[in-house]
Amino acid sequence: MIDRAYALFEEQQQARGINLDLVKQKLQQLRIETPSWGYGDSGTRFKVYQKNGVPRTPLEKMEDAAQVHALTGLAPSVAIHIPWDKVEDYGKLRSHAESLGLRIGAVNPNLFQDDDYMLGSVTNSDAIIRRKATNHLLECVDIAKETGSRDISLWFADGTNYPGQGHIRKRKAWMYEALEELYKKLIPQMRMLIEYKSFEPAFYHTDLADWGMAYQMAMKLGPQAEVLVDTGHHAQGTNVEHIVAYLIDEKRLGGFHFNARKYADDDLIVGSMNPYELFLIFYQIISASEDQDASIVQTVNNIAYMIDQSHNIEQKIPAMIRSVLNVQTQFAKALLVNHAEVEAAQARNDVLGAEDAVRQAYECDVTPLLHMIREEQHLPLNPMKAYLEGSYDQAIQVRGKGGASW
Amino acid sequence: MIDRAYALFEEQQQARGINLDLVKQKLQQLRIETPSWGYGDSGTRFKVYQKNGVPRTPLEKMEDAAQVHALTGLAPSVAIHIPWDKVEDYGKLRSHAESLGLRIGAVNPNLFQDDDYMLGSVTNSDAIIRRKATNHLLECVDIAKETGSRDISLWFADGTNYPGQGHIRKRKAWMYEALEELYKKLIPQMRMLIEYKSFEPAFYHTDLADWGMAYQMAMKLGPQAEVLVDTGHHAQGTNVEHIVAYLIDEKRLGGFHFNARKYADDDLIVGSMNPYELFLIFYQIISASEDQDASIVQTVNNIAYMIDQSHNIEQKIPAMIRSVLNVQTQFAKALLVNHAEVEAAQARNDVLGAEDAVRQAYECDVTPLLHMIREEQHLPLNPMKAYLEGSYDQAIQVRGKGGASW
Amino acid sequence: MIDRAYALFEEQQQARGINLDLVKQKLQQLRIETPSWGYGDSGTRFKVYQKNGVPRTPLEKMEDAAQVHALTGLAPSVAIHIPWDKVEDYGKLRSHAESLGLRIGAVNPNLFQDDDYMLGSVTNSDAIIRRKATNHLLECVDIAKETGSRDISLWFADGTNYPGQGHIRKRKAWMYEALEELYKKLIPQMRMLIEYKSFEPAFYHTDLADWGMAYQMAMKLGPQAEVLVDTGHHAQGTNVEHIVAYLIDEKRLGGFHFNARKYADDDLIVGSMNPYELFLIFYQIISASEDQDASIVQTVNNIAYMIDQSHNIEQKIPAMIRSVLNVQTQFAKALLVNHAEVEAAQARNDVLGAEDAVRQAYECDVTPLLHMIREEQHLPLNPMKAYLEGSYDQAIQVRGKGGASW
Amino acid sequence: MIDRAYALFEEQQQARGINLDLVKQKLQQLRIETPSWGYGDSGTRFKVYQKNGVPRTPLEKMEDAAQVHALTGLAPSVAIHIPWDKVEDYGKLRSHAESLGLRIGAVNPNLFQDDDYMLGSVTNSDAIIRRKATNHLLECVDIAKETGSRDISLWFADGTNYPGQGHIRKRKAWMYEALEELYKKLIPQMRMLIEYKSFEPAFYHTDLADWGMAYQMAMKLGPQAEVLVDTGHHAQGTNVEHIVAYLIDEKRLGGFHFNARKYADDDLIVGSMNPYELFLIFYQIISASEDQDASIVQTVNNIAYMIDQSHNIEQKIPAMIRSVLNVQTQFAKALLVNHAEVEAAQARNDVLGAEDAVRQAYECDVTPLLHMIREEQHLPLNPMKAYLEGSYDQAIQVRGKGGASW
């Protein structure tokens, strides 16, 4: 049935004017980074439910991540979070990862769990705390050198809960000071990815609240600073794909933290709430990847796709498999947009025709295509089923409860 | 200055047609319940910062609550949360409270922190877990009998994170089953207050998501079931005072959980983000308190005003003092609305006149009035200053860190 | 290719345990009412762009609607709006519709365009205006008798723009009074569908603001009163399918006004913004249609599916074709959910398994199924293409600009 | 009573450490521009209700605006909208204004009411339409020269309603092209104010959707380009005062369009929904006005305060009087913040103390202060009462209905 399904799919896509060889090539290049912390326990402010079998050490997190990659072929790198993944010897962590077929991805500082940071880390009104926070940022550059990581991924919980609590413009200056010091320490092949978030844990103002603030900082810092878009960090009624297109056009889109949400920063499995939005994000990206401006194409090629979720109730490894598969599915669909057709409709101001040309790609079932890709890469056709039927999950139960957590 | 300020205030209000004797009488009757858990540590999913001096036991929580009441005269009762406030002998807890000039208020079951409840408590698909959850509800009625509490205050975290995860209509039936069993156990003078919440910790659907669901349950259960409005549990762009007026009119408004929010359920100090909204809520309530229908008036008189906040960064006792004072301030302002004037403007369809009549009351500075009330009650004019300059805060530092928390 | 595609589709669905005969039968029963006003000019407060060829009379609107039905087989009835569709002789309008293969659907009163209604129609503080408004409601029942319509579809713009402008509880009583008078005039086979809306054109409070208010009114009125869900009339972050399931369970879901939105009540083509939400609504409906309780099944069978959109920039007839096709597509996908599989996963608390079972149906491409249905009904395989290549659109250009509009 | 009230107020503010002379001086400098279109009919997409007495010509609009200024002393300039205010001889319009004690303020192009602009003006895919739109922008610079206006105020309705309808990045380039051409035509003393809006009338994407996009354009254009903040043009859950502070700090805040909203862009009377937000905006502005950086102070001094509302149901002139008074009230309150006290609390990380210091100023009743200011300026103490009791409103009734409108 798989071959017949693919044959039919091929025929249909050719009829739509789609070059499947190119599609397959781009699909094979898709890489999604999974986060070490996505394998540990996490939860809500009401409760963190501890799961049996979660990894107890950074090394075990790598082992779980290796499973996801082995079954999907999509996730060859793992982001780390310091100090959650603090180890004596990062060279050893790196070798361990490499021995599992992985590499260490982005390094994420943590500036929101030390008592000193309650009212701000790099934007604290206390200079000693700001110094401590900036030192931690610098430490992460050192770690990145050891792990061979390209990206320092920066999310700041800094903000205030009440009007008057902090001096907004002073805090802005302090934020820039810290970023500038970090920026100067970057080696040429490194990038600084600046994340923004509309709220939580700060409930009045967040120092870097939207893409505009992250972008303004990045512009002022220099070309190695780019913006990181977390899909759940926007106010309701924000067109995320518009921001994506805008940042690409300004050559400042560094990467994504993927997740899904229906309400606030729900951190659910990417693609599970409004999959069309994810498709439309990829539509903008793929459209830009065919731009005549080489620097736009380069920006697109350097986008880091990363998962950042909080699996409150899900089994950890299956949730991560589902996540990377959902990304792959929407990416594949977006590759089926016939851009020439869309642009022709746009040129003649044919609203419904242009919309239809985009939506049609979304409505395709890409299962035959994904099956073919997996077959060619000697991967299980159904990675989730393969995991659930495999022995790994059984084997890790011995770890017990109380492993790594936020 | 205080006497002169009050004299002038009196003159101004008389000119506005306000009967200050009545205002003062109603102000003196204002009672706001504080929650035992508001004195302990709480936080966000990112971090709970431990404060020095937080109470270590239910008894110590009562002592802290007694401070708030002693200084403000507003908070004579304390809501408890089971099992956070579980004690061997509730009679002893009650006596302790009474010895401090307090009484035990609403009893709040907790159905969101046991491992069994990860996917639902009373709406879990597992009948054994549902039974356990319902038993806990019943236990709370027993406790309420011992503590002399009138209200069982019900918030359920029950819901799902993904489409398909739960059978929405089955869960609705299970919810009703549990509530019905609880309802039957209530003694005549007891009430069941049903709270709703749009989301969190459930991120796809929450079994009791809005006032309509809580109301429908209450209607079906009977007259001792009423709705509890938590001011932070609505979608953005919800007119909360409209819901309040609607529920009063249907004689189903049982009480409030007060707090403030700018984004989601931020659980900040009530009145700190949009104080006008709090004023407008009280405007609806006070307007109804003068209704010709005695059952409407009775509904209003029985409304339980309760604080329910999460003080992530604030000092606990000062935050609670600020909270009850903010409620008192907006309540006082709402008492200054000249309803006859508003209704005359409404009757002649004078939009701006009616709006002005309401807003004018809000723009009054009620400090002279509150000073007078406090003076008459032998309370400190500035309760916050009195607390900060008193010795209690110093005395409790000996408790150290790591006290009670969520 | 079509036959091969269907053969493969059939095989795939059988492998998923889906009974395609049943699916096809339900698909053939799908009926979507289009609104007469959807064929005329409409716009935003900034501008109504006049299109060439829009119908000039109610009769011409029927002709346009007949095109949509002729090409899709989905839209055999047309909702009318009084006085926009006011005619001397409703019998003649009905005959005209019937001669085109259509019937007249829901009758919609209009209580928001007369100068008298600026500050409210049935909730105006002026009794004379209330009387006039109620009379219009009663007139609509008379019209419904003549047109043979089952449903009176009620949307009220009534509300206020400022705090204090109106007396919320009095207005509630006036609303009920009017509805009650209308209710008493219904003949047994008629239904009153009560719509709600969170805001617009009222910007402070809307008298019927949410499903809870519409439901409370319906409950009090009696069994012929039901709730009408307009998919765009909710605050952001509302789970619409939850409300749908809740209302079905209470046997009070009377129908839908379908449209799509990204921000407020954008009134875009249904299924164009978040098609998964539309699918999930149908998933709840179809799940309930298999309930063991016959009254639940009856509720589902009586749901009126209606389009209610504002085509600001789109060509009118193509926009309507796209709308009913989008509904058909998501309805078809929802029919492919294997409920036994979902419920088995729910029963074993398998979060990811249950989610996957629902999402899998959504990811199916239902084009082969829809082609087969159309072939069997002797309809064009691609109704949009058939319309665009047909002569009708050319023929109506003679109508010129300035036809019917809001 | 007024003198006694002021004496007491003075005493109280001195006790709070406030220099009332400075406060009064700043209050006297407050200038709020009213929009010519705010005096004409406007409404919602459902209905524009025509009011009796609305101005029929640009000259009559000036006369109405002059009333507002005469009674409040706050509104000496009037923004105009082209072509709504198109006249043969702008010199004559200017003289007329000046003869009434007014000057012409910002010039606002209109690019959303010509049929050509249905799918975009400066971002239309049709180069001829883009040219026409840009020409209109250039025409407005010419008009501004004649009227002596400093600011060209730019709001674009440009955007799309559906995914795929427009090429987002191409449209971005077209937007910049038009702005650049306009920018080059500015004379040195002119400014271009770039407004943004999250949605409406475009419902999928708006070309300039948020402050970040407006800011990026302004940065690229040069120092005469600044951002215009319309208080109603943000997603729910946006901290507007944070954006204000950010833009001031970047020296790119050019002005405001003031209005209030509870839901979307409701365009209600400023300060009527959440007055605390307006106060907090002014708190940021006034705080910056005392900055040591002279360019920050200069930015603040050049902020254009403008009303931009849509009075759907209100009487036009009274609504405008209320609007400027509400702005004055919150501005006055914000002047009472003791910045030294706030900053001292911030420095010691005293969350509640800092919040209290800000909120205290808000809770002051500034009526005595405003009365004194008005007395000193020989203005009526209660401008609204003066208007309603005056003869102007009676006199304009002769204009009849059907005057100027959107």
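Each chain carries a letter (A, B, C and D) given by its place in the written order, and its residues are counted from 1.
One rule holds in what follows: a residue touches a chain if its C-beta (ideal position, glycine included) is under 8 Å from a C-beta of that chain, and two chains touch if they have at least 3 such contacts.
Just so you know, these numbers come straight off a predicted model, no measurement behind them.
Colleague: Thinking of B-C, which of C-D, A-D or A-C forms a repeat of its interface, with over half the contact pairs identical?
Modeller: A-D
Colleague: Tally the contacting C-beta pairs at the A-B interface and at the B-D interface, and name the larger one.
Modeller: Here the pair linked by more C-beta pairs in contact is A-B.
Colleague: So what's the Cα centroid distance for chain B and chain D, whole Å?
Modeller: Computed from C-alpha means, the inter-chain centre distance equals 38 Å.
Colleague: Residues of chain C that touch two or more other chains: which are they?
Modeller: Where chain C meets two or more other chains at a single residue, that happens at 119, 161-163, 198-199, 204, 236-237, 239, 262-263, 269, 272-273, 313-314, 351-352, 355-356, 359.
Colleague: Touching residues of chain B toward chain D in the complex: what are they?
Modeller: These residues of chain B touch chain D: 1, 4-5, 8, 11-12, 15, 236-237, 239, 262-263, 269, 272-277, 313-315, 318-319, 322, 329, 351-352, 355-356, 359, 362-365, 367, 384.
Colleague: In their shared complex, at which residues does chain A touch chain B?
Modeller: By the definition above, chain A touches chain B via 42-50, 112-113, 115, 118-119, 157, 161-163, 198-201, 203-204, 236, 261-264, 266, 268-269, 272-273, 310, 312-314, 406.
Colleague: Hey, which residues of chain C end up touching chain B in the complex?
Modeller: Chain C residues touching chain B: 119, 124-126, 161-169, 172-173, 198-199, 204-206, 209-213, 215-216, 219, 234-239, 241-242, 245-246, 248-250, 280, 283-284, 287-288, 291, 342-343, 345-347, 349, 351-352, 354-359.
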